[in-house]
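Heads up, there are several structures right after this.
The two complexes that follow have subunit A in common; it is paired with subunit B in the first and with subunit C in the second.
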Partner chain A sequence: MGNEPNNQNHEPDELKNKANGLESPLMEERRRAEEESSEVKLDKNVLREQLLPRGKAYRENLKQRKKRGAVWGRLYFAANVVAILALLALAYNIANSAFGYVIFENEVEPAALSSQPLEELDADGLGAILLENTAPRLRVIIRNRLSRVENSEYTSAPLSEVLRGRQFPDGADDLTINDLEDQDYINILKDNLSVRTLRGIVVDEVVQPEIVESWSLMDSIFNRGEIEARFQERQAQAEETNLSLEFYSWLRPEFITDSVASSPTEAGLRTALLGSMWVILVTFVFAFPVGVGAALYLEEYATGDNWFERIIETNIRNLAGVPSIIYGMLGLAVFVRALGFITSGEFLGITDSNGRTVVSAGLTLGLLILPVIIINGQEAIRAVPSSIRQASYGLGATKWQTIWRQILPASIPGILTGVILSMSRAVGETAPLIVVGASTFIGIDPNGPFSKFTVVPIQIYQWTARPEAEFRNIAAAAIIVLLILLVLLNGTAILLRNRFSKFKV
Partner chain B sequence: MDMTKDQSVYEKNAALLGSDPVLELENLRVFYGDYMAVQNINIPIPEKKITAFIGPSGCGKSTVLRSINRMNDLISGAQVQGEVRFRGEDLYEDDIDPVEVRRQIGMVFQKPNPFPKSIYDNIAYGPRLVGMRDKAKLDKIVENSLRGAVLWDEVNTTLDKSGYALSGGQQQRLCIARTIATEPDVILMDEPCSSLDPIATKRIEDLMRELSDQYTIVIVTHNMQQAMRVSDYTAFFSVRKAKLDDGSETRWGELVEFNETTKLFEDPDNQETADYISGRFG
Partner chain C sequence: MVENTRRLGKARSALAEKTQGRSLKKRTRWGEEVIRSMLLFCGIISVFTTIGIVVTLGSQSRLLFTQDSLLDSNHRVREAMTTDQNELVMSAGGLGIEAGDRIRIGQEVMRVESISEADEESGTKTLVVERGLEDTVIAEHSTGGDISLVQRVTIREFFGGTRWQPQIGQFGIWPLLNATLLISGIAMLVSVPIGLGTAIYVSEYASERVRGILKPILELLAGVPTVVYGYFALTFVTPLLRLLLGRDTVEIFNMASAGIVVGILIIPTISSISEDALHAVPDNLRQASYGLGATKYETATKVLVPAAFSGIVASFILGLSRAVGETMIVAIAAGAGPDFTFNPFVGAETITGHIVRISTGDISYQSVDYNSLFALGLTLFIITLILNIISGIVARRYREVYQ
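Now for the complex of A and B:
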């Protein structure tokens, strides 16, 4: 491709040189000719051949060139197709597991409980069902849902302690839970819980649905007949006909609001989701200011001509490529062990953790993404035209004013892009958190930087490792939640970026 | 350049002015590291007049201009010898703050370089730097500056639009308005019209003539016609070459002639000036 312009320029140059060698009359003639028209009018035929090459050989060459171009074009297109296919396969896999037909076996058929469907019953109706069917369990239900004290004190502590701030019968302050009647338990449940929650309790405690068999989304769509036949078969086999076939979404509101449980229909993602949010918050609070500060120092203050600054630069670039598990080991050694006194919250008087806390995890992930934030930040700052710096200094701004009022606002969209990309990476990181000591099975919500925690990816991993097939379904649902979380994070970033880049350079 | 025994070049040039100069560049030399960029600069800058620096590329006009408001400080390795006096004060004394210098001696650059902010914020930037927050005062400054730069009528309804939404000529006038908003004593202009079309250039030139009633202006230009049209005094720079010991060549800029503009273009004292302005070299 580079040949043709050369051909055009090279040959006339030679001609010009020849012309220069001749006497001045020729030169004058040539100049006059040039003035007459913009076309070069030396030897017309020769020049034309050289300016616009044509002929058989040239056409062959051109054909070759176009062919090569087309091949490359198709290759680039194929690369895009591969990427899109991979994405589609991922989406297919997740959706396939997260939705599909399920056969439930109910311990008690809802129709047997009441003349009305459960959905239409009010609190009184639901309370009556509970009283009738599961009276011995009522105290346990209250303990699980409403108790404010440790399980060991539940039966001995006075109600004023056990149900502090809750509704309970007047004058029962000094009684214990064992002193009450079943009807009192029902009233406590009705007074403190919503109808929706009560209905959930009825389903869990009385109906007790259990999954007998489940199908993937594809089977559910394309093999509907087979599934129904199988259902009929099972119904015929069963002695009581309390089986039901339902199209079931494993991703449902309760999945996000429930905590972990041993049954896949009851297990939820709340603990892991809160854990992820806490960890990401700590990561952001640590990595954003430090990363942007470092980038500002390297771009605006460091002169780059001493060995110390060069070592810093090189190291940051190398750190960006270090495998994440190594950061996990660093976090274990430094944050969990060496700084355990701080990361466990012991210095604040918190004694029930051992350094394997949200803070340790957040700082570890912060270290992991710091190099990326710094490199991205440096590039964003470098992209601010130097004319803007000059203009600012020229108006009598100090260095700090220039950085704070011009360079940061102009580069913040780019900086944010880097921060968000790396935060997304941190949200999905598993390996370093396992090393740092995230709990794999934990039912207590994290409530601050010094709590034990688990995160969504670890929860997903833990579920996929279970032998029961249904846990893989909720793992798929959890993946969808994780993806939604990422999309939300990225969306926020894009909104912020657009806000900041209102006036483009 | 010939030197009379009892009068320095600077004194000779200063004698051409009818009044005391605002800025005095005496025996100025600028180095970038070991490399000497200019030397023998002796220019007095008269008050409320336009002084033009002309000369071929690489003669150090911009370097000299940037050393007047200490913008060269921003280039690492840049070093100034000799004196730059502003109303008698040497600007390179140890206790002079370059930030203060730049508030007194504003600068307009070669390429229009508005900030990526609204037109209003562009103008208000300078006053805000010194802590002005009063909205009414800022409004007044913005209006006066834009009027001063003959831009008010074109932008008064779009003050919240980006400075980049303006045309090149308007952007340059915005930059001039931004500079006069800080109420400087002197305005330095580094080839302010080189990226503009002839019509926009004409407007900037008219503006410069208007501003010279209130401000001392120093302009660097490649365009001799422009120097002739707008300036009162002109300094002509040229390039000098020498062979170093190791055989390589070094170049630096020098002042050849400083004179009243009409004198310099019609009847220059120096043969080199005459050659340059008649197009025989450079």
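Now for the complex of A and C:
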């Protein structure tokens, strides 16, 4: 380490002070002082006292210099503290919004629905409640949860299409959804959904909790009394006392499994999560082979004295500094418009999209992270000792045999680490995908490379941009999901680097 | 042993037989060549990316400056026009039309030669026009026909104008550029002292253990997605600023909050590159400085920082380039009106913020708006490219000195 010597700086201090003193014009004076004090103690402080020049101006100056050094040392330390505080504030801010007390107003009290609490009811009991309270809504519920076709075809298509692969009454293949009875709808729901989901439907459709007021986590912890007083006050004001005060976590299992909705308590992240996964998959399939290929070429084939290779090298360095939104514009012009025929899936007979698809987004992000993958890949390949190369050539292997059997296996942990790190960058990217044209509000899950999509960061952006405070809460919950995803990705990368890489990059 | 030697001899003669009459020169292996070219192609894709960026941004921007676009002037034809008339009475209100402007009614393009004062009663104006321009057919126009203004954005207007209002045909980049520069400036004010401070501390003051804790934390700051920073700016920094400085001074969407958070975002960029630069300074310089009796602070600021100066400056420039190109934080926290203002506590839109806002809506590929986005993108690309190149040149200089 370059800074080792300055860690124990007392000794050098002493030495340099001594050196200073010997050359000082005040030597005479000091010798006289030494003669005066007959006993010389070998105490460190006394020694320093005696060896340092005696001049008042010098002492003052030294004191000042040391003081200034101490002040600046603290300032440098403070810079770190500020950076850490910023990170803590960020974490605090997100946690603060993602949890806290909420006053709900229920349309119907759960206690009025059944003699047992909702949590203890089985599928039949929940089905009975649905049948009793929301019979006209049952078809819509099935459409939202189970339908396999576009909404426009929902009532006209045969059940074998609408509920493809789902459980539905025997012999009803050719019937449409409108031909069934209410009890059939209940059976379809019971057969296809878990009790937990059914309970969720009862809460959403029958109990219909609405948020009256919500508090942040800090308020919930430190101002509990005030919140309760406020709740009592509201309860006194309300004519029907259907209010309930709950400590609410905006991040709940349903939040991850539900699709988008216009109400903050019902909105979920599923569509965006699936969108992110599809986009990342395309990005990986494109960027991994191309990035590793380019890194191999530059490290193993390029001689370095060729103008063309130098251009490639410089170009990659410069591309790494281009703002991500520029890649979005490139994607819009090239993948969405110029190659629209391919990226919309039109060449495969898909007609309902316009080039603003998962493929376009994935390829755009692929181009964006390509420089990062190449640069990291080059470093990993460079770390393979050349003795391995020489040994392989010496045994008569060809260049490609050497690369494929020796260099790639030796460097793949390092390469993968770089790839995963750049993937985690791609997962968090927002701006280029907005420009490429992620859909703003889609309820249908993406089901292939040619479907419309939205991704988690864009969902966060949209929820943040909404004026209602409750959407900020679910944005915070979505941020937690995104950060967990990133931590998992980075954790994998670190694990790979530490456990499997033979040669340190 | 003897057995082995005999075997070796046999193998050798077999090989000699096999290769007899064949040239021992290096043969071309076609499989290897194919693989080589495939790998080369992978490398070339990155060159294509650059070419793609330059070509798409360039060609779409060119369209902005070479194509006419129509702008609804909100004026209407007040008195029916015959084919041989060259006076046009136009309704009051609407956009200002000046002599020399081109207008279009129906399919016909005309040039305004002169324009009268507004009529006192009705507010109508009479224009003298040259008809049938650009090979359009001279036609009759009935009362109530819409008058469109034919306009073309000039490069001079684009780089000199101080208003960006596409709906009235104003395409001056300065309001957007001003907000971009102002926010980047605030970001640099935050990140330069903190980034450099952490770099000096981590490289010169911190013990091995503290260093092992601080560096990952700084890296963590770099790993947070920008949309999360945007959320942080809007829901934490803005309320904090409003609390400290008063709700009347600080608007909900403001440049200061966005700038501060962009600053936090680029701290890791500055601190890690500066630290590398400080680390690359040879230890002799450090030791010599201590040997002359300098304190740790003096060594750090008077010896090491000047020695690593070009690397540190390179990190500042790179940080600035990131700040200029940063998008989501400004899109969320800085506001959505392209206003030309120097007050950091009000909202204004940056180049990137504007691109995002326009892209979020459904945008027609043939519109001026669409082309103007690419002109903005090109400007942004050139600014960041220049900054990156300067940073690279500056950084190379310090490498030459110490390696």
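General remarks:
In the analysis below, the second predicted complex is superposed on the first by the 358 of 505 C-alpha atoms of A that agree within 3 Å, B and C clash if a C-alpha of one lies under 4 Å from a C-alpha of the other, contacts with A are read in each partner's own complex, and residues count from 1 in each chain.
Heads up, the rule we're going with is that a residue touches a chain if its C-beta (ideal position, glycine included) is under 8 Å from a C-beta of that chain, and two chains touch if they have at least 3 such contacts.
Since the structure is predicted, the reported quantities are computational estimates derived from the model, not experimental observations.
By the touch criterion defined above, A:410 lies against subunit B but remains apart from subunit C after alignment on the C-alpha atoms of chain A. Once the two structures are superposed, subunit B and subunit C can be ranked by residues of subunit A touched, with C on top.
In the superposition on chain A, contact of A:452 is made with neither subunit B nor subunit C.
Once chain A of one complex is fitted onto chain A of the other, the partner contacts of A:465 are limited to subunit C, with no touch recorded for subunit B. In the superposition on chain A, A:199 makes contact with neither subunit B nor subunit C. After overlaying the two complexes on the shared chain, residue contacts for A:65 are found with subunit C alone; subunit B is out of touch. Look at A:398: by the touch rule set out above, it reaches both subunit B and subunit C. Legend: residue contacts after superposition of the two complexes on their common chain; A:390 is shown touching subunit B, with no touch to subunit C. Touched by subunit B in one complex and by subunit C in the other are residues 398 of subunit A.
Within the complex formed with subunit A, the residues of subunit B that make contact are 69, 71, 74, 76, 99-100, 102-103, 106-107, 109, 111, 113-118, 125-126, 129-130, 162-164, 175, 178-179, 182. Put simply, subunit C touches subunit A in their complex at residues 29, 31-32, 35-36, 38-47, 49-50, 52-53, 56-57, 60, 193-198, 200-205, 207-208, 214, 217-218, 220-221, 223-232, 234-236, 264, 267, 271, 279, 281, 283, 286-287, 290-293, 295-301, 318, 321-322, 324-328, 331-332, 352, 355-356, 359-360, 365, 373-374, 377, 380-381, 384-385, 388-389, 392. Contacts from subunit A toward subunit C in the complex involve residues 1-3, 5-7, 9, 12, 16-17, 19-20, 65-66, 68-70, 72-73, 75-80, 82-84, 86-87, 89-90, 93-94, 97, 289-294, 296-298, 301, 311-312, 315-319, 321-330, 332-334, 337, 367, 370-371, 374, 398-400, 424, 427-431, 434-435, 437, 440, 457-458, 460-461, 464-465, 472, 475-476, 479, 482-483, 486, 490.
Interface residues of subunit A, counted against subunit B in their complex, comprise 303, 305, 385, 387-398, 401, 405-406, 409-410, 502-505.
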